[in-house]
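What follows is a set of structures to go through.
After this come two complexes, each holding subunit A, first together with subunit B and then together with subunit C.
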Partner chain A sequence: MTTRTSTLLAPQGRWWGPLGKDERLWFALVVAWALAMYVMMQFVWPAVGEEQIVFDSYKVDPKVFQQLTDDYIAAHQTGTLLNIPIVDAPPGDVYLLGERFRFRPLLNLKQGQTYRFLISSVDVQHGFSVQPDNFNLQVVPGYVTAVTLTPKEAGTYQIVCNEYCGPGHHLMLGRIEVTP
Partner chain B sequence: MSERGEVADERPDDPIPWQQALTDDVFLLMMAGLVVPTLFYIVWGLLELANVKIFTP
Partner chain C sequence: MSANPIGWDWRTCKVTGLTVDRSAERLIVFNAVTAVLYLAFGGTLALLIALTRWPKMHLISNAEWFYRLVGAHGAAMLIFWILFFEVAGLLFGGSILLSRRLTAPKMGWLAYVMMLVGSLGVTYTMLSGQATVMFTAYPPLKASALFYGMMLLYAVGALVAVLHFLVNIVTARLQGQVRTLPLFTFALLVAAILALFTLVSGTLAILPAFLWRLGVIDHVDPAAYRLLFWGFGHGAQQVNLAAMIGIWYALASLTMGAKPINEGLSRFAFVLYVLFIQLGSMHHILVDPGLSSWARGLNASYFMYAAVMGSMIHAFTIPASMEVAARERGHTKGLFGWLKSAPWGQPAFAAMIISFVMFGVLGGISGVIMGGIQLNMIAHNTLIVPAHFHMTVVAGTTLAFMGMTYILVPLMVRRDLFLPGWARLQPYLYGLGMLLFGIGMGLAGHYGVPRRHWDITFPSMTQLSGGVYDGANIHWSLALMALGATIAVTAGAMYIVVAAGTVFIGRKNDVPNIGHVEASAVTPTDPNAPVHHPKGFEAPGTMMLATGFLVLFILLYGWSWFELSKVSWIIK
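So, the complex of A and B:
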């Protein structure tokens, strides 16, 4: 019989054995619970809940995305604020570019209309956080984050960069104006 | 006596199972600690990134 005089010493001989009944039960419970959580997070909450954000990711050349954003701004610009273009966005695709240390363009949206936000960065990783709603996405250079949104309430929403991007990070804001 | 103890006593001449060999050797354990996260975090992540579609406006 294997005897151990200290828990710090390696046991001698062949000590490994198959799992006992209680261990098998706990293992089965853990696996079942993990599977249940996976199904809830992957399939159930995205379908029935409003908390979990459903988005797509695509690869893109940052310069191409910058050009697409410039074209979008040129087509729909209605003004500027602090040298940042303001755009009256028609329903459909909305281009939003994160760059140190601003989001452009500033967006005017209509309540109840559906928009597909196409968000990317030209330099470093930024965050896209809509305030006062609790809505957060990563903005990664080289990738487009596409998310479909339908503003339900009119008002002014701020976009805050919540991923540290450099010395002006705390000044990096955007704006979404939703009108009835 | 536990179930484990009984098994160990009944078959003292059996070869050491791989689970015991792994657990008894700290360097094998360290290798497992490097290989498993590499596969599940890095390789899996790279595969996911490789499968991201190209953006078309």
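So, the complex of A and C:
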């Protein structure tokens, strides 16, 4: 027979007895729930979900990435807004650079087309937060976050920096225009 | 006070009968008072920050100061208040509760001085603008070398404090003063083991940053820093978790006479933390570049869910133990008669039960959900994240710590609780404030509002912002958050008045009035009568409540996937 002791006193005798009916039932429920969440995340959602997180990442010299972005902008620029270049992005690779305190370039995309976003930073860490849809990725200098995105709906999307990046953090925005 | 610091200067507690080492008592009071001072400081900043984040009020008109104060608030609350308090707890669990003297009190004082100087240094650099880098200090954001140096001093001081506890436990064991540890001390031991890993990880993150700012090395890898930092940043919260659950158990015993229904199961649940919870600290970097999907999946599923199982075991065994104890005392009416009989007017009980429910329902469920790899995408760096950890660390840990002090502080300083009426009201008011705060902040995060952001109205950027956060739902949520913060900070101030008043001006009394405490908590009464399991459920009321909790968990989990599926982008 097992014994029970106050949590503030050292247990005496044999305290490691078998589980009672209550504990057995609850423990079984808990294990089942943990397994269910595991199966959902590892198998069900990867099979049925459209929002996955299997993006690639590469190391990159921030200066090199900045140059790649500049070249990309030079090839596709169609205008500027608040001194930030606007780009009509053809399907395929899209370069997006975070720098204090803006995202460059502003992007025009086509609904239903697939783009491979290559996102990095030239200075400190930034947050890539697409609003109002609200999905978020981390942007780290020296690393490229490479994620394949397909807009399903036309509209204007803001990119808000949601990683504190310095005194002008609250001014840092980007934009994606998706047209049909 | 003692004239001979080497001698075994002791007294007997007239309430509990424990032999109290006076040198431990002094150290505990110093650590606890320092902790409460940081709570007062951090709480003041909390109010200023919350009232700034409500766009209608936008209290702090200077962005630079706002960011400084957010950093200082994080450091004061998440690190200094909680760790100083935990060190007090470790000193208590390693000496007084075992009726033994501290093995090496000088080690305790060394730790205290290092932590005090380090914490003051960090606070100074943050307030003076040398370290406007937030609590996380992600490189290549730069702070002054002094900031990193002071962080290291604090971390090493905390390590010394943890080692001091381990020295005490090991010598107690070697000298035969204790065999099996009381469950409360066992929980502290688990917290201490987690703290060792955590503090080493933090030191490994900060040390290169320190050397970088001294010019010894020219580069710190920001992704590697994030990995090591979160081994500290989240790991430290697992320390709080273990300490808080230990306090839940302790307060359940003190206020309800609870005895864990299965000691082995409760200890097993703590061991799950030691084995798995640290490996789950990767969920801060689930949407970072630099990690393979395999590593993300491993940490977010296998390891995290093993630790979640530990928490869900405690979520059952703690109320079940209280139910069984109350039923044994004759409160057997219906499913919940035992709950009605609980000492709701005893502040320690009220604090414990509110902490328990809010931590589990709001903090726990939200944490598991956003710890899912794909679900993390709709949570990362939005206000959902601080909403989650304010439910765990503030509504959970802080309120549990407050509850513990309502009993321990009067006993320790041998004075009556100051303003007991305030103490009775305080946990409810604090819980209400945190509830409104958590719902408001969580909803705002759900609508995409970023954390650590001075002005989401972007007044100079309207051409780009398109009024992205101008929706009435967002403004209502943030107003609710500000209201909740105001109530919670008021209740926090009430706690500080009660705690500080008790220490300094409470009426001297060798048998202080601490409300109703079950004698069985501290005095072995019946020599541990064997357990007779009844035919049916022993704790049917708890089974009902726990099942309700599980159903809510499943619903919120399912709803979160539905929310993710509504994102109008295909993300591969």
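In this text, the second predicted complex is superposed on the first by the 131 of 180 C-alpha atoms of A that agree within 3 Å, B and C clash if a C-alpha of one lies under 4 Å from a C-alpha of the other, contacts with A are read in each partner's own complex, and residues count from 1 in each chain.
In this text, contacts are C-beta pairs under 8 Å (C-beta built on N, C-alpha and C of every residue); 3 or more make two chains touch, one makes a residue touch a chain.
Please read all numbers here as calculations on a predicted model, not as lab measurements.
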Subunit B versus subunit C as contact partner of A:15, first or second or both or neither: both
Touched partner set for A:153, first subunit B, second subunit C, both or neither: second
Which of subunit B and subunit C A:65 touches, first, second, both or neither: first
Touched partner set for A:38, first subunit B, second subunit C, both or neither: second
Which of subunit B and subunit C A:26 touches, first, second, both or neither: second
Which of subunit B and subunit C A:144 touches, first, second, both or neither: both
Partner chain(s) touched by A:78 [first = subunit B, second = subunit C, both, neither]: neither
Touching partner for A:179 - first (subunit B), second (subunit C), both, neither: neither
Subunit A residues touched - subunit C or subunit B, whichever exceeds: C
Intersection of the subunit A residues that touch subunit B with those that touch subunit C: 1-2, 10, 13, 15-17, 20, 57-58, 143-144
Complex contacts: residues of subunit A adjacent to subunit B: 1-2, 10, 13-18, 20, 57-60, 65, 68, 93, 118, 143-144
Complex contact set, residues of subunit C against subunit A: 63-64, 67, 97, 132-134, 138, 140-141, 178-184, 221-223, 226, 246, 249-250, 252-254, 257-265, 285-291, 293, 296-297, 300-302, 305-306, 308-309, 312-313, 316-317, 320, 368, 372-374, 376-382, 446-448, 450-456, 458, 460-461, 463-466, 468-469, 520-522, 524, 527-531, 533, 536-539, 542-543, 546-547, 550, 553-554, 557, 561, 564-565, 567-572
Residues of subunit A that touch subunit C when the two form their complex: 1-13, 15-17, 19-23, 25-27, 29-31, 33-35, 37-38, 40-42, 45, 49-55, 57-58, 81-82, 84, 106, 114, 123-125, 127, 129-138, 140-153, 155-156, 158, 160-171, 173-175
Residues of subunit B that touch subunit A when the two form their complex: 2-9, 11-12, 14, 16-17, 19-20, 23-24, 52-57
